[in-house]
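Chain naming follows the written order as A, B and C, and within any one chain the residues start at number 1.
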Amino acid sequence: MESIISAFKKVKDQTPLVQSITNYVVMNNTANALLSLGASPIMAHARSEMEDMVSIVGALVVNIGTLDEYWVESMLTAAKKAKSLQKPYVLDPVGAGATTYRNQTLTQLINCKPDIIRGNASEIMSLASVNIQTKGVDSTNTSDEALDAGKRLSNETGAVVCISGEVDYVILGEKIGKVKNGNPLMAKVTGMGCTASAIVGAFAAVEKDYFTATLAAMTVMGVAGDIAAEKAEGPGTLQLHFYDALYQLTPEKLEEKAITEIL
Amino acid sequence: MESIISAFKKVKDQTPLVQSITNYVVMNNTANALLSLGASPIMAHARSEMEDMVSIVGALVVNIGTLDEYWVESMLTAAKKAKSLQKPYVLDPVGAGATTYRNQTLTQLINCKPDIIRGNASEIMSLASVNIQTKGVDSTNTSDEALDAGKRLSNETGAVVCISGEVDYVILGEKIGKVKNGNPLMAKVTGMGCTASAIVGAFAAVEKDYFTATLAAMTVMGVAGDIAAEKAEGPGTLQLHFYDALYQLTPEKLEEKAITEIL
Amino acid sequence: MESIISAFKKVKDQTPLVQSITNYVVMNNTANALLSLGASPIMAHARSEMEDMVSIVGALVVNIGTLDEYWVESMLTAAKKAKSLQKPYVLDPVGAGATTYRNQTLTQLINCKPDIIRGNASEIMSLASVNIQTKGVDSTNTSDEALDAGKRLSNETGAVVCISGEVDYVILGEKIGKVKNGNPLMAKVTGMGCTASAIVGAFAAVEKDYFTATLAAMTVMGVAGDIAAEKAEGPGTLQLHFYDALYQLTPEKLEEKAITEIL
C-alpha cells in the first residue's frame, strides 16, 4: 500500500506529460481525467511530429479504439520512439478479436514491446490467442480462464498485464495484484477503460516499477469511481463526479478507501 | 403504444451492438447514450475492417457531420455490406444542403437504400430536393412543407423518414407517427439529433418493423429529454440528466410519459 | 464596458454561424459552448467542401491541437477563403513550440493573416520567437516577458493578440485590455482555451472591431467561469455549470460581474 501512496504523490508532485494516441470517442474524457488527476495530457498523431512529440513526454499510451491505416503507422512510429528513449509505452487493445485488422495491428504493436497492456477480459484473452468470440468492447467478466490468459500474455511479452473488470487484476509473471474498488455503473460510461489506460500512463511516467505503477493507477481509478458512485444517479452524474473525485483525491483518502492486495 | 413498449423491452433484453460511423463532435455523447439505454456502441471507420465490423453488429448508423473523402468511402462500404446482410442501415444527413459535397455524398448514401433516414426539417427538405437555404445544422421548425418533403422522400426511397423538431414526425408512405415529447433545451446540446439517430439504430437492431422502431426510439429520446429538462438549469445539466434518465427509464415510466400518436 | 455589452447583445440577437476547424479533444465542448452562448457551431474539414463551407459562415476559427497533414491543408484553404471574403479568421496555436511541425504549420497559418490570435503565454512567446521551452499545452502564467511577446506579435502581424491565463490580456499594438475574471479551476478542464477561441470567433462574426470582440469574448468566458466556479466541486461540475452559466448569462449579469479594463 505504501508504494501505491508513494506513486500517487509522485504524480501529484511531478505533473507528468502523457501522450495519448487514442480513439476519438474518449479523447475528451481522457484529457479531463489526466487533468483532474494532476497530470498533463497531450494528444497528437501526425506523422510529421510523432518522434518530436514522444521526445518531450513522460509516457506514451496507445489505444486502437478507432484505428485506421494512418493512425496505425503513427502508433508504430511513436511506440518505437518511446522504446528507444526508454519511456513507458502502454497499450490498450480496444476491440481485440473483433476484426482481422485489429488483430494484425495488435501483433505489430505488441512486437514493439509494450511495458504495460491493459484491457478487459475478452481483449486480453484474444491477445493471448484464447479462442473466444469477442462481444464488442464492453465485456466485464473476468474468469479464471482470463486470468490464465493474462499470465500467459505477461510471460510471452514481458509486459505488466492488467485485466480490468469487476475486480481489476494486475499481472507480472506469477505476481498478481487485485483491486476490488470500482462500481458496475462505471461500465455504463464510455471510455472508462481508456481513461484507466491513460492514468496508468501517468503513473508509469513517474514510477519505474511498472507493476506498482499499474496497481496504483487502477486503485486510484477504482477509488475515484467508488466516491463518484456514491453521489451518482446514473452514468451522466457518475462521469461528472468521477472527475471531481479524482481532483479532490488525497493520499489519506486513497489509503482509507483502497481495497488492493498483492497475492 | 404497446408495440413501443415491446420494442423498448427488446433493447433492454438484447443489448444490441450498434456501429456508428459518425462525426467527431458527438461520438462521445452517442456512445454514452447507447450505453445508458442498454445498448452497446461500436465506433469504427477503417476501410481495412469495415466489412468485418458490419458483420458482427446489429445495426449500422451513418452520420455525415464531419465527413471527408476517406470516411465517405468507409460509409459507402459499410452501407453496402449492411444491406447485403439485411441489417438495418440508418442515415443521418447532417448539414444536407450546406455544400455541394454533402449533397453529392448524400446522393450516394441514399443510393445504398437506407432503411431509416432521420434529420431536422431543413435537412429532410434538402434531401427531398425542396429548394431551401439551409441555416446550419440546428434548425428545429417543422412546417407542413417539411412534412410533405418527408412523405415524398419516404415514397422515393422506401425508407422510414423521421423529421425531428419540436414535434418529431415518423413517416412511412402515408403512415405518420407523431412524438410530442422533448424539450426546446435539447436543441442547445450538441449532437442530440445524432444521439437520436444512434438510438434509432439500437431499436432497429431488435425490431424489424422499422416504423415502430423509429417511433419507439424517438419516444424514448423525448421522454428522457422531458425528465432531464425537469431537473436542468441549462444545457450542461440537461445533457447530464439525459443520460441518467435514459439509464433509469422503465417500461412503466415510458408508458406513463409518452405522448405519441399514429395518424 | 458599453461596447462589451453591446457585442454580447449582438451575439444573442444574430446567432452567428461559427466554423471551427479544431482538435478532436475539444470539438464537443466547443460546440456546446457556442450553443449555450447563443451562437451556432459548424465543424467541417473536408477539402471537398472547405471553400463552400467558409462561404456560408460568419467566422472561421482554426485550432491546431491535433493537426495532421490533411487537416493543415484544409486549414490553409479555409483561412485563405475567409480572408478573401473578409470574414474574421481566428487562430489558436495549440502547442506552439512543442514540435518543428507545429512551428512550420503556424508560420503558414500566420502568413494567411489571422485577425485574432489567442493562446496561452508559452504559445504566444513561442510565436513571437521568444526562446522558451514549451511545457505542454496547459501553461497559465503571464509574465511581463509574455506581454512584450504579445505586443511584438501584434505589431508584426497586425492581429489582435490575446494571452489567456490568470489574467487575460488583449493586445492591439500599444492598446491593452485586461480581463480579471475567471477561476484557476478552469485550467483543469480540457479545452477551455479552445472554447475561448471559439467564443472569440462568435463575437468577431458580429463585431467588426476585433479588439472589442476579443475583449468581450474573454469577459464572457471569465464571467461564466466565475459563476460556474461558485457552484463547482471540481473540474467535472465546473464544466457542466459553465455551459449553464453561459446559457443563462444576461447583459445585466455580465455588466455586474465583469472585471475588465483597458489600459
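For the reader, a short list of remarks on this structure follows.
Assume contacts are C-beta pairs under 8 Å (C-beta built on N, C-alpha and C of every residue); 3 or more make two chains touch, one makes a residue touch a chain.
Every value quoted in this text rests on a predicted model; they were computed, and no experiment measured them.
Fewest steps needed to get from chain B to chain C, stepping only to touching chains, is 1.
Residue numbering at the chain A/chain C interface overlaps only partly, since under half of the positions present are found in both copies.
Chain A and chain C have CA centres that are 32 Å apart. In chain B, the positions touching at least two other chains are 24, 28, 239-240. By the touch criterion given at the top, residues 23-26, 28-29, 65-69, 95, 98-102, 135-138, 187-191, 232-237, 239-240 of chain C touch chain A in their complex.
Residue ranges on chain A touching chain C, taken from their complex, read 17, 24, 27-28, 31-32, 35-36, 40-49, 52-53, 56, 70, 239-248.
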